[in-house]
Amino acid sequence: MILNQDAKSHDYSKIAQIFRPGHGDITYQAKYGIRDYRGGGRASGRETAARVAAGAVAEAFLKQYKICVQTITLEIGGVRAAKIDREFASTNYLECPDAEALLLIEQRIDDVKKEGDSLGGVLEITAHNVPAGLGEPVFDKLDADLAKALMSIGAVKAVEIGAGCKASQMTGFENNDQIIASKLASDKGSDIVTEFETNNSGGILAGISNGDDIVARVHIKPIPSILKEQMTVDINGNPCPISTQGRHDICAIPRINPVCRAMVYLVIADHLLRQKATERL
Amino acid sequence: MILNQDAKSHDYSKIAQIFRPGHGDITYQAKYGIRDYRGGGRASGRETAARVAAGAVAEAFLKQYKICVQTITLEIGGVRAAKIDREFASTNYLECPDAEALLLIEQRIDDVKKEGDSLGGVLEITAHNVPAGLGEPVFDKLDADLAKALMSIGAVKAVEIGAGCKASQMTGFENNDQIIASKLASDKGSDIVTEFETNNSGGILAGISNGDDIVARVHIKPIPSILKEQMTVDINGNPCPISTQGRHDICAIPRINPVCRAMVYLVIADHLLRQKATERL
Amino acid sequence: MILNQDAKSHDYSKIAQIFRPGHGDITYQAKYGIRDYRGGGRASGRETAARVAAGAVAEAFLKQYKICVQTITLEIGGVRAAKIDREFASTNYLECPDAEALLLIEQRIDDVKKEGDSLGGVLEITAHNVPAGLGEPVFDKLDADLAKALMSIGAVKAVEIGAGCKASQMTGFENNDQIIASKLASDKGSDIVTEFETNNSGGILAGISNGDDIVARVHIKPIPSILKEQMTVDINGNPCPISTQGRHDICAIPRINPVCRAMVYLVIADHLLRQKATERL
Amino acid sequence: MILNQDAKSHDYSKIAQIFRPGHGDITYQAKYGIRDYRGGGRASGRETAARVAAGAVAEAFLKQYKICVQTITLEIGGVRAAKIDREFASTNYLECPDAEALLLIEQRIDDVKKEGDSLGGVLEITAHNVPAGLGEPVFDKLDADLAKALMSIGAVKAVEIGAGCKASQMTGFENNDQIIASKLASDKGSDIVTEFETNNSGGILAGISNGDDIVARVHIKPIPSILKEQMTVDINGNPCPISTQGRHDICAIPRINPVCRAMVYLVIADHLLRQKATERL
């Protein structure tokens, strides 16, 4: 149980009677006929604390298999990292892998903050050392379960696996990851040891891991709670302006990064347990 | 039971000993130690026939709610539809909503076919008349279930909901769909009747439908089976060239379109049944 | 969250090194390689507090349908109630429906307590006003789900539905509940209104409720923790005597009664929600 | 797919308009507003063919663990086997372990057949060589899953585990299976090797297998379709007599025996796979 010892419910009193655009207010009202306007409902990002806690258990379990999941921030507010320096990404709180982009991003965040507006971004999640063979062939494909897990995080609006959106613009010849014999001598007896020239598949073929890095990208919408005035309606259906106060981030990054890692750890742990159940039958 | 009365297993005999790049051959071998190289395994698109059959039942059920799901082809081989004429889309087999783009696409398909290569594309799926309130708040969000359902289709490598990838580049003010009182008089008694200025949310807020159209886009990789020679390894780990014969499409579109519709029908039917169970408690 | 503010873990220190007969000590050790000997593990009856809490929610929900679940104690320590006076059962803490049997049972409990031994018993659970049509035809039959729910309660070793064990000794003619037209005029339009001469089925035919009372009986083993000395082994496999101290009941009745009611409320609520989802398609 | 090539639907035409007592006719009508009176609905024992087929796969899988499931018929029509000769049980089609009882049972079946009536009975199912540690601690206890699996078979009205109903009449001292050090030297290193003096637990303690034989008993109601005239109502609610023709057995035993074995194989296989997933974490 995680006690929220810093709740300030009164910050939300102004929105008791009105629906915040981009929020779950209006859908919770439609579904349940009631909603918690004080910031603590299940549509709040606070809910992700439980995911991170559970993900930590999965991470500890996966450590023995040397499986680890990392995130880098590819883009915030349209400013994209031009180079990928993972070392550098691990040293800044936004997990941005490009020092120059980081400066521009920090500037962009400051500017938008002054305007009372907010930003979205793009994260890349990589799972290393996932063994080949995880994922079920039809109903619970590994990529399908990753897509569900990541899309279930509040602000995520798109999920890509491997080449993702770009795969749709390549030809088969360009997109196929050509298979090469591994340079490493096999110490697994009869198992085939292969590698791939590229990783457009994102480590998943036909829903099953192929031994390469699992790569996913999520596209995160800007925080919907903004100071800038928008139009909405109140609970009586009357139009009214809204300007959301309260403690809101400008961008879900970097808070969303550990949530994404947690969800990927959980999915991989589930599939590894399923695979362990059957692999030496 | 759907009998495949047109199987030509011998077409696949050349690949009995080698792994096709971009295919499930190598992952099935890793998972099960065995695979069906003859085209009929569970990694084959043939598996989707069952999805379409089940989707037809869901479609029939949803008809009474006037819910219908439509697809249009936004892009094939990098050629994008510049205008969206749904009327026109319904008249051509590729479901392309732009007559000029269609000509270019057909040309592109012909060219690529001559090269023994293949193409991917982008589909947009829209579900009309989905009532507000479908989707569970944390574990089975409507967008999460749609993402899983669509990503579980063989060739899909990315799923977007609403503004999707673009949402990450907008500010909160730009991305939020401002809420307006409906011009229609409410005949639902105390229910609030609202509309949205835009539909960047894709009809889903906080995992629950908001009454607007549900909009998803899927990015489809090019067919991996190509005549053009690629490099791979055989089951003994020796490098060898591969040129895939057999009856393969150039592009999964338009065959994949009814599969996407079926999966969306199934997800909506499931959530509508869940909602019906609880809505008048 | 239910805090246990009366834990006395030190009462259990003597059994840290030995396995109690009839307990989960030895199976938890086998499964997990570790166990909680202090009385608070998941094999403890304490776990049922959560079931009763959840059952209370189901009960509140089912109230609007006038569904209520009652228990009576048919037997303790081999002493069986000869007459069924439900009024009387509701006035004594053992829920025994027979005043004479109650006296004998209380005597039996006292005697057994002096011997440092314990007793089991038999409960009958009746659910009133369950509408016809609940239960799924193959995978989640109503009686199958009730059997699982009731057998999952720690001390339960047998579950009967309707005539139960006795059904196996009757002929078809004796066991079949003959169907009669209801004396009540139907106010449901075209619905058939029937009643049954008897209720050997326990209100369930082919896994689906028939509108009659749902009747189940559970057979409860005696509390395994007894003062009387038994033989067992310690964690090193050496034989040793055991005499279990601590606060243990002589009989799981009447504490188990609300747990049984809770499980039946939960199963009926689940099936009613499933049925509501589909009944007006 | 199992084709029924011996269907005689016309045999059932007389019951198109009337409800058979003891059958699912009336509950299917209540649930779905429609039913298949021709003997082939999901309430028919024909449905169990799929269970037996699936159970055969589970049996083949469990063979490597030397797990095998056996049934004996303890009782038919109230005639109980006085002695348990498993050898003999394997030689007669009723799986009766007592030659004398068998003669009486065969006589009883003949007599009842002449009266146009039917019989029930009691089966005991034993699973040998099930390792300790199978079963989940709260939600999917091994005994709970067995109870659901067995109660889901059409004619089963009661399920006992181990001492079952008798456990409720014993004292704790009598019912507890005292634990003894195994006579076999342990070759498992640090694992404790124990045995039990008795098997009142039926091989399951706190929902988890203890390494002893898993023992369950099912009580089977008499076949409800009987030639003897009963009273019922027709679909218009009018009283009418019924005498069921068609090819009906007198007793579900021995046809139900392989179904019970199949269900136990399936439950054990499921739990063994779950346990394999986690046991060497």
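Note that the chains take the letters A, B, C and D in the order they are written out, and that residue 1 is the start of every chain.
One rule holds for everything that comes next: a residue touches a chain if its C-beta (ideal position, glycine included) is under 8 Å from a C-beta of that chain, and two chains touch if they have at least 3 such contacts.
If you're wondering where the values come from, they're calculated on a predicted model, not measured in any experiment.
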Path length in steps (a step moves to a chain that is touched) from chain B to chain D: 2
Farthest-lying chain, centroid of Cα atoms versus that of chain B: C
Chain centre separation in whole Å, for chain B relative to chain A (CA means): 21
Separation of mean Cα positions, chain C and chain A [Å, integer]: 45
Interchain centroid distance [CA atoms averaged], chain A/chain D, Å: 48
Touching two or more other chains - residue numbers and ranges from chain D: none
Pairwise touch network: line, ring, star, complete, or other: ring
Touching residues on chain D, where the partner in the complex is chain A: 61, 64, 273-274, 276-278, 280-281
Interfacial residue positions of chain D with respect to chain C in the complex: 19, 21-24, 26-31, 42-43, 47, 75, 77-78, 112, 115, 117-122, 132-135, 137-139, 141, 143-152, 154, 157-165, 167-182, 186, 191-194, 197, 200-202, 204-211, 219-226, 228, 230-233, 235-239, 275
